[in-house]
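Following: one structure in structure tokens, then a few remarks.
Just so it is clear, A, B, C and D label the chains in written order, and each chain counts residues from 1 on its own.
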Amino acid sequence: MIKVLLFAHLQEKVGQESISIERIETTVKDIRDYILSAYDIGNLENVMIAVNEEYALDDDMVKAGDVVALIPPVSGG
Amino acid sequence: MIKVLLFAHLQEKVGQESISIERIETTVKDIRDYILSAYDIGNLENVMIAVNEEYALDDDMVKAGDVVALIPPVSGG
Amino acid sequence: MTTQMFEIVKNPISIEEITNKVIRNEAGAVTTFTGTVREFTYGKRTLSLEYQAYEKMAVKKLEQIGEEIKEKWSDAKVAITHRIGKLEISEIAVVIAVSTPHRKDAYAANEYAIERIKQVVPIWKKEIWESGEAWIGDQLEKTPYPEGKPMEVDQ
Amino acid sequence: MTTQMFEIVKNPISIEEITNKVIRNEAGAVTTFTGTVREFTYGKRTLSLEYQAYEKMAVKKLEQIGEEIKEKWSDAKVAITHRIGKLEISEIAVVIAVSTPHRKDAYAANEYAIERIKQVVPIWKKEIWESGEAWIGDQLEKTPYPEGKPMEVDQ
């Protein structure tokens, strides 16, 4: 199982703080595609994906137990 | 009478905080020359002169009652 | 107890406390940046703000900014604290303190830190107006990652 | 009571107090510069410092710097406090706080202020070492007034 954390407007749109995805091993791109198809989350065009607190690219692998997070454009400071 | 304030190493060299000069009206240059001749103050090459708390040039006039100050290179901050 | 140089907090930030973390005998110059909640942004009146963070990653990214600064300005010492939760107008959201032996570096390194925070630290701001509210960074006109990924080095 | 925005003081300076003088609803960015007494300057160990000021003129010149900043960055609010008397290592000599609506200006205006202080404000520093003492600015290698007069406008 892979846990995907949601923040900001994505959290409000989906109505939960995280999503669980049943996968042993997959890619960042697959997670992105799965969420787009399974949830009414709008577009994820400007949304980055972090794996275990580091920004990841579409081809990067994700394994069960990893913590994934959707990172919309940040606005801190 | 014109009061001339001294600071930093100039104050220590002359051994007083100010000098009084008996003049009704004169120039900044004259004050500079007078101090150089009357006191063992070293050279005043990099020393500015202020009249009534404003930097003045050699040709500027000074009148009795004005407060003059010798301003060596500043080192605040 | 070691002092935490990079923190996400939920309570008011003391400018003095963060600045004191970097004051030291070898450094004559300290710059402190304080980001406060502004009332008007492009003419729109903000009533309050809410900040949310992916806390664990945000601390890691603040630490990374600290390391980037060390690489560019080896004599610099940096402390950053960002507050999250609900903030009122003119309350402090972030304090960045940098000390260096010479002042030019203290300004440059500090400005680098706030620019990087706005690029890579997972913190989001929701503006609350009289007429509604919105998460900032959510707008189409903002494309902070032209490369598809936050820049990991200075642009 | 109006707050004094430009001051020469004899007691310790509070970073928070000076910074709070410029925090306001319209300004989201505040930069604070803190100048502390450094232990080593070009390898020479300083034990303590003594600052002397021509106080009346120093306050006037700090106010002038404030006006110069207003001309260049009309939205800026500035407060400067300089301490005089004897200071120990790492004690605070000067605090400059600037608030602006946007952060670039807060850094630029703050750096302008410290540069100008070092050019025109009649304050002198005496360094006290183990081997002696000297008024700084007294050295032949320093010629801060190439024009024979401190520059009254930005160079």
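Going forward, contacts are C-beta pairs under 8 Å (C-beta built on N, C-alpha and C of every residue); 3 or more make two chains touch, one makes a residue touch a chain.
Going by UniProt, the chains are A, B = Molybdopterin synthase sulfur carrier subunit; C, D = Molybdenum cofactor biosynthesis protein MoaE.
Fair warning: this is a prediction, and the values are worked out from it, not measured in the lab.
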Reaching chain D from chain A through chains that touch each other, fewest steps: 2
Cα superposition angle of chain A on its copy chain B, in degrees to the nearest 5: 180
Computed distance of Cα centres, chain B from chain A, in Å: 72
Chain centre separation (chain B, chain C; CA means) in Å: 49
Computed distance of Cα centres, chain C from chain A, in Å: 24
Residue list for chain D, restricted to those that touch at least two other chains: 35, 114
Shared interface positions of chain B, touching two or more other chains: none
Chain C residues touching chain D - in the complex, by the definition given at the top: 14-16, 19, 23-40, 89-90, 101, 103-104, 106-107, 110-111, 114
Parts of chain B lying in touch with chain D, wherever the complex brings them together: 5, 7-9, 11-12, 46, 48, 50, 53-55, 57, 69, 71-77
In the complex with chain B, residue positions of chain D that touch it: 35, 51-54, 56-58, 60, 82, 93-94, 114, 117-126, 134-138, 142-145, 148-150, 152
